[in-house]
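In order of appearance the chains are A, B, C and D, and numbering begins at 1 in each one.
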């Protein structure tokens, strides 16, 4: 792995993503922690039949979730609108309000996209496991529900638990405040969310940051994702 | 079937739920009525709110236009820091939830069964559901309180013998607070105990509005808020 | 849980530990991250038939591991010397050099103490699982070795993996630099080690810190263990 | 059996191992000969050292009396920070190791078998072993190099047909570097390939000192250090 991971421009950062790739997208769902410049570059790049793995399938463009009033949200919806997604794995695909429809819902209704719904804690634990060399684990979450159907269930200490498998992707898009050229990432506030776990669980991890600094400029105590997990860093300010 | 007296509004449901909070409790509030609970925490009780978004001990909502995109709750609202706040990622947020470190979660409900099964994530008419953190909270929180209307818009009971909607969790609910009743789910499927009813209501009136058999608490009383 | 978790004095902090208790002890093995004031208080308290769960069984008193030259190391050995331990679960029980004997080795040779040896990564993952509500997981580590004997083995993606169970304790002794009164802990450097995982996996977690500050004095971005996991904090400076 | 020429010392073993490091590699060094490798990293190659103690990209050992108890490597030695260092807890340190994020680990060995099994944690004569992070590194690192003497103190071969000591990992070793040989463990139990021998040694002399059949590399040569 090169010791300078800086990538010049978002188009470059995503240029080798092939049709059929699986891509994790970080963030909780709002503006904070969402690598939307990478999403935009991927839309422009045009790769198709993608599997998108993310908490939401893009609800903020119709709800404003986690975006400041007055700003125009951008989210995963741009990929669904553009017909690039074949499969979505996540926890919160549609807006909370039944009266609002997002681009995922429209694509789903047209049967363009398959959905794998996962409880949020199981979702992030599967991703962490994917990065941590744990092929499978048991969790009490979802036992006795339809999200456990077809899965092995075993009782531990009197409690039914579901066996869940690790989740990995070809690419991860993560968002942090600052990167150094070695790929160390510093996060701010609740914008950590799924980013640190996803950074560990992809073959190629690409980080969208506000700025890139030389090694030594991020306090070692504040590194949220050690550089070993990160392949490319690209700055919004570049 | 006509109601013997008015039903409580959402604020009063939330106010009654908040009476269950004890000093130092770590509390996770779902979206909807549960969110309102934070407005009614009793005097002298300090509650630490936890959110799936990776925050422990956040404060009130930010004033309009003053929030930060980097500090949201699980509903996507901008919140403010409390002194002693902690930030962490989603893996940690759910380790906390699933690991039994949350004292109370308050969740909305579509149905709760006699055994304490909860259905709250999937409305069959929509065809797609959001599960979010609900299943983890139902499975992991030490105490699960469901705050909801007692009946749906067409009058059907939401406290039922068996849930017909897909489950969020099996045998997970400890307490149900509705606009007419406070019902304890007795452990080991020993049934539902009516502990409080709304002013002007009676055991019989609440039973009539309910889809499962209720036991009468020896200390059955009107809702208390303070 | 009270909102002020300050405990006045180390003797107080450990006074309710009964005979037969299981106790996790944080740190990697050296002076940094080791709650040796709590160990000393436990020695003085005198509870017996303990299960000690820690990376080492105390090697620094004979090797100087992780202690500055000129300082006199204190470690788990004081409990083994005092005959308080019936069982040890860890990864590195004895000094690396065959020619050195620690108190654990002496107690083991006298058949006073049982040993459960666990690979270090499996050890911390079992503890994390214990705090995170994961009853069991699979890991490739130790497959085909004697440390996997008697354990379920299953193949995932062509690789033999061992099923490991979560590990919890009655008490955890952890060491951090600073605590606030809500129990939030801030760590420094490599003194994190096993402390953050152990803090999550015990019924009662007791943190030994340099100083205790009011809430708000620790940067929320620097909280290594959120207060929800911590029951008591006790300061060396007190 | 007498040696045809001197054996290499520990520094030279470490120097040969360090030639396997490529620019940007993340490397975890075990205790003993492996630790010495950091002294011999080739010019122009930047290696990032990872330690089970929760550090990535630490620098040289601290000068006597100037180390901090809060910055140690897995051997308990005080190290110094490099620019771009990262700190984390043990759960993360081993997620990194087990998850395949370490390019190379260099481990000591008691025995390595023809199939690449490694035994390095348990000396039966002692009765107690330290396992530490060895099993996780053996299972998780992308490339496992064993650096050891070719024969034990009584002359018994340490490269053997089958390990008689308890295993650290099965089929995990990629490369063996000893004081007389560099041996590649071919995948899928296709045997051991002698690639280099110490100056003055021959294929036959190394084979004689070895407890398993060796294949001769077509490009068999003397040790190269630069």
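Rule of thumb we're sticking to: a contact is a pair of C-beta atoms (placed from the backbone, for glycine too) under 8 Å apart; a residue touches a chain by one contact, two chains touch by 3 or more.
Just so it is clear, the structure is predicted and the values come from calculations on it, not from any experiment.
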At what distance in angstrom does the C-alpha mean of chain C lie from that of chain A?
-> 34
Between chain C and chain B, distance of the C-alpha-averaged centres to the nearest whole Å = 36
In angstrom, rounded to a whole number, how far apart do the mean CA points of chain B and chain D lie?
-> 56
Numbers and ranges of chain B residues touching at least 2 other chains | 87-88, 94, 97-98, 139-140
Of all the residues in chain C, which ones touch at least 2 other chains?
-> 125, 128, 132-134, 139-140, 188-189, 221
So how do the chains connect up here, line, ring, star, complete, or something else (other)?
-> other
Can you identify all of the chain pairs that touch?
-> A-B, A-C, A-D, B-C, C-D
Where on chain D is chain A touching in the complex?
-> 23-26, 46, 48, 50, 56-57, 81-88, 92, 94-103, 139-140
Note: in the complex, chain C contacts chain A through residues 125, 129, 132-140, 156-157, 159, 161, 165, 188-189, 221-222
Residues of chain B defined as touching chain A within the complex | 31, 51-55, 64-65, 67-72, 74-76, 78, 87-91, 93-94, 97-98, 117, 122-123, 126, 128-136, 139-140, 166-170
Which of the residues in chain A come into contact with chain B in the complex?
-> 28-33, 55, 60, 63-69, 91-94, 96, 98, 105, 108, 115, 117-122, 124-125, 127-128, 139-147, 160, 187-197, 224
Which part of chain C faces chain B closely enough to touch in the complex?
-> 1-3, 128, 130-134, 180-182, 184, 200, 214-216, 218, 220-221, 223, 226-229
